[in-house]
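Same chain, two partners: chain A is paired with chain B first, then with chain C.
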Partner chain A sequence: MMSMKKTLVQTKANTLSDKKGTTGISKMFTKRSIKTFSLITVMSAIVLIILAPVFYMVMMSFRSRKEIMLDPLNLPSELHFSNYVKVVQDMDYLGAIINTVGITVSSIVLVALISSLAAYPLARIKNKWTNLIYIFFMLGMVIPPFAALTPLYLFIRDLGLLDSYIGLILVYTVGNLPLGVFFYTSFMKSIPRELEEAAQLDGASFIKTYWYIIFPMLKPITGTLAIFVTLSCWNDVINPLLFLTTESKLTIMPAVLRFLGTYSVDPTQLFPAAVLASLPLLCVFIVLSKQVVSGMTAGAVK
Partner chain B sequence: MKIRELALYTGTALSLLTTSMMASAAKVELEVASWKGAGAEVSNFPTIIKKFESQYPDIKVKLNYMARNDMVTVIPARFQAGTPPDVLMVDREFISHWAGNGQLMEIGDQDFVQRIKPDLHPYLGLGKDVYYSMLQVSGMGVFVNDDLFAKAGITQYPETISEFTAACKKLNDHNITPTLLAANNGGWTPYVFFLALGLTDGDVPDPGRIEKLATGKIKFSDDQSMKNAFEAFRQMIDAKCFNPKISAGTDPWSVALTTFQSGRVAMLPQGMWNVTPFLKDELPENFSFHPYPSINGKNGVAMDYIGPGWSIPKDAKNVDAAKKWIDFWSQDENLKIYLESDISLSTLQDGTSSLSQLPLAENYVDARNKLHFVTFPIGSIPNDLVDHMLISITAFMLDSKQDYNKILASWDKVIEKVLAKQ
Partner chain C sequence: MKLDKRLYFLIPAVLLYLAFTIYPLISGISLSMTEYAGVGEGKWVGTENYEEIFSDQRYIQVLKNTVFYAILVVVFQNGIGLVFAALLNSLPQVRNLFRTALLVPSMLSLVIAGYIWQYLYSPIGGGLNEVLAAIGLSSLQQVWLGDSNIALISVAAVHVWMFVGYSTAIFLAGYAGISSEIKEAAQLDGVSPIKAFFYIDIPLLAPAITVNITLATIGTLKSFEFPFIMTSGGPDYATMTLGLKIFTLIFQDFKYGMAAALSVVMILLVALITIVQNSYLRAREDKI
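Take a look at the complex of A and B:
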């Protein structure tokens, strides 16, 4: 009898604890669902806010001027591909893209190479001189670009490189060097010295150690730097306008800005031009999205 | 035989190459930096350049197009490097900076300057020195949607502020928004409207007034015309001619234009240069261009906007070619090609003005011909005061109950400070 009572009490207790547990789990589940739902809602709203202007730009690029004037926020009644055809013809699209890609890639290669070479001793040798040199590089980041425009122009003129691609590549390289040195120096400090010591034990020279051991390890941070350099070259207007005077040498952004008049705007030209200008960059980012994200988060977690 | 043929072909090719190289070497490359001529403002430049190059086969024009705002950054660097373009498009503001710095060539002795209307000569440079050859006189006034006016039963464009407010009432009665005084991006449109009202001291305004105001010879706070201009703003706001808050937040260069073109507003104070795109779009279907209504006279007042023109930098490499370029533009047969696409008034004596040929601008041209016009004072008002005026006029628009005498007194103080610095 006693044992039966015990079992009954035990069963009751079990049932009670089960009920308690189920309620706890369901409560937790509901809490988590609400949290997830809210997060998704907020994130979706942010994405929508970011994408809305892009969507508007694309939609407008297919509309006629009259349609835009009469109802600026509506969708196109029919797709006016002729807007794109006209813009491609007017702006020498292919030429501008080739120029931009050439200049951008050359600048990335030069910045990556020179700044990583400069950063290597700065990260490894610690004394007041390297600190001073590092600060000197960092000063380059705080100088407003407009203040450096005239000295740079004089410099490029004296080199006889005005109206040449090399001149503009040099300008971008010089402009992005401080950023490169900053990125690489910070990153290299996190690379264990033991790796270099092992290479030195195997008889590798300073340059060999750099080239075979250090440089391959800089891949993620080089990706991040490449993104920054690409954006600064791609979106720049002033430097191409100043250093290039031949129309066929112009990069994409000055070519797009031609459709923006001083006192007026023709949306049937400006919108397609803006879409065309951002398209190659968008394609690159979609194709390389994984590398871009890994590059952006490189060094974030040690 | 084969060797002979080869030698012959090589010789011919070499001689052709040499000839073409010599020809290209003999050609002068004239670099023209301009904010018109491509993109959104082609302005018939390709036709004019082609015509110029056929008249001067030894000159090849290299048009360096850039937006006006980019010129502010790019050109000074080139001046300092001693490698400016051969010809520069400039306006009064650039003249005051670059000619003031001694970076432009004095061209007063050139024949083409004598072809420009004498009343425009005071605007061609600094003091007695001439630094640019003006291409056009543009203007500012009020665009009217004729269909909306007809719908509201308005048959005549208002010439005075009282007629203007009466028109606003009629439009409001028909649920039509009368005006949009777009003030975003610096408050430029109300500033211009205000100047048109305040600089007019009668039906034929005194052109020297702005000089007297800017030099402190006339005090803003003592000037009845300026006080009346504020009164006019107050009357327009009271008559609901425009919504001050909506106007203050509207961009004059994009949203205001589309709003007017889409028929959502009956009147739009704006620049004459919009005639061309409005005609091109055929929107609004029926529109006309008029002088500003007057508060200090019985007739509407047009506002001249001294247009851009050509100048030669002091360090230009190809000065002769540059002079030929300007001389070419200063001939009516060539200038009118430009003015056909950029509707405005010719600067040449007996020049062909494209605006005068348009019935839609009849009222405006008539006002101008009767000397009912003032000139937009670029460079005449000190920059400090311009900034102050822009802000205080928009502020008055948003709170029209404030005492305008205090605003006018503050303008006098700015003038005093500027004069004290000199």
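Take a look at the complex of A and C:
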């Protein structure tokens, strides 16, 4: 520790002396900037290569079948929006998007309410029972969602909830409960109790305290949770395929899967469908990229 | 003793969790001891399903494929992600822009990425072989998904491509927690950047490494979308993974008992790997 402080003092001394000797600093500056410049160039090239398949997807989506056959690797000669028009009509794109948004929003609301409600006692009452229940929920975070799929399917079937939005929303809600409980409990532990204690002294019931004092303070973590739930619902295929049978009820990704099938080779269908299916989420990502990035890495590093 | 009324708030969560997570998990174990096609009563077969999993060559190959796939993805996704993060951390001018750009593939869904790459990999007119031809590397052209020697690696490469930005973002979050003073001090003491990376960055990034490895392991073990869309598990079972096998048992073969047994194996595998990883990685973290 002492030696580190010493080096720090030296750091300051060095930078000061550097400022006096102009030749030294300009030499260092150019050497550094060349290195930085070349590093940026290398990284830019890598980023472009990684993004190339995404550009490829967009580019291909505007090309006609004939163009692609004659010259597989080129820019579109003109923008063939007809590809898009056909896909939108053939796979009931808007219907699938509406289904996805409805199911996602319902799941977010339910997960947020149920898990924040549960987190309130878990964060505020400290005894071995609440601790045990917390661990019990955390188990759900490591169990792969695949694990209980077959029995869950049979259970939902026996409840008569197959092919209903309610069944799928329930599955998503419960699937995300452990994450919600984890997020809210750790977040709530970090906010001071004074406000809720004051509310209780004023005679507010617990439920009122929760709704008017606690829940509003959980906004930032609710946003993060919403990002996670949105990603998991939007990109999921297996649950809708399993729990919904009517084609028109499907969410976007299974709808794309049904539309294209496997071994699909028709690029004039494949690429417009791919662009259309990823566009809404990509737009959200670009607009809210800061929040999404901090949300995705939240809790990852402490 | 009076019960704290706030405990009632636990009821909805606990009930739902018991009914839709714990109950299916437990009934999955009994289901795995049966032969059940979805109608009528299941036939009790004891441990037969498990015996089949651990003796049938096909199932053994599925387990091998899954573990190999997971190792490939975990090593490359995090190795490359770590290097990217180290480079970007030293380039504050472009750090946020490039981090966002690298995350774009992970915003596509597995299904969409699977479709794009299925086409990119296709032997005739596929983007990858065309690019190789265009830059004069025709000798490197492959039947990427049709050759059983490389198909699983091709599929794993797509996984790495898609999520390397996610690993990078988590490592960058880890870097943000390392004080710049330590690095400056090392720099002034004449420690080379490479040495600093191994002796300062990596130890201090231990929590981020733990998170990244755990996320990548769970992510690969449960994914089935890529082999499903790109290869359907072929050629000759080369890309059949645990997730895809369970998927086909449910959707095509209607062998619910077998699917449940394989799910139990998957839980055990995930549990085993996470416990080993965490005890090792956390122990490393504590040492630091």
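Going forward, the second predicted complex is superposed on the first by the 218 of 302 C-alpha atoms of A that agree within 3 Å, B and C clash if a C-alpha of one lies under 4 Å from a C-alpha of the other, contacts with A are read in each partner's own complex, and residues count from 1 in each chain.
The working rule: contacts are C-beta pairs under 8 Å (C-beta built on N, C-alpha and C of every residue); 3 or more make two chains touch, one makes a residue touch a chain.
No experiment lies behind these values; they were computed from the predicted model shown.
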Touching partner for A:Phe146 - first (chain B), second (chain C), both, neither: both
Chain B versus chain C as contact partner of A:Leu241, first or second or both or neither: both
Partner chain in contact with A:Ile221 - chain B first, chain C second, else both or neither: neither
Touching partner for A:Met69 - first (chain B), second (chain C), both, neither: both
Touched partner set for A:Ile103, first chain B, second chain C, both or neither: neither
In the superposition, chain B vs chain C on chain A residues touched: C
Partner chain(s) touched by A:Leu162 [first = chain B, second = chain C, both, neither]: first
Which of chain B and chain C A:Ala199 touches, first, second, both or neither: neither
First (chain B), second (chain C), both or neither touched by A:Leu260: both
Intersection of chain A interface sets (partners chain B, chain C): 68-69, 72, 146, 149-150, 153-154, 237-238, 241-242, 257, 260, 262-265, 270
Chain C residues within the chain A interface of the complex: 4-7, 9-10, 12-14, 16-17, 19-21, 23-25, 27-28, 31, 38, 84, 87-88, 90-91, 93-94, 98-105, 107-112, 115-120, 122, 125-127, 130-131, 134, 161, 164-166, 169-170, 172-174, 176-177, 181-182, 184-185, 188-189, 207-208, 211-212, 215, 218, 221-222, 224-225, 228-229, 232, 243, 246-247, 250-251, 256, 259-260, 263-264, 266-267, 270-271, 274
Residues on chain B engaged by chain A in the complex (per definition of touch): 31, 35-36, 38-41, 62-70, 73-74, 76-78, 80-81, 83, 85, 253-254, 257-258, 261-263, 271, 273-274, 277, 281-283
Contact footprint of chain B on chain A as seen in their complex: 65-66, 68-72, 90, 146, 149-150, 153-154, 157, 162, 237-238, 241-242, 245-247, 254, 257-266, 269-270
Parts of chain A lying in touch with chain C, wherever the complex brings them together: 4, 7-8, 10-11, 14, 36, 39-40, 42-44, 46-47, 50-51, 53-54, 56-57, 60, 68-69, 72-73, 114-115, 117-118, 120-122, 124-125, 130, 133, 136-137, 140, 142-155, 170-171, 173-175, 177-178, 181, 206, 210, 234-235, 237-238, 241-242, 253, 256-257, 260, 262-265, 267, 270-271, 273-274, 277-278, 281-282, 285, 289, 292-293, 296-297, 300-302
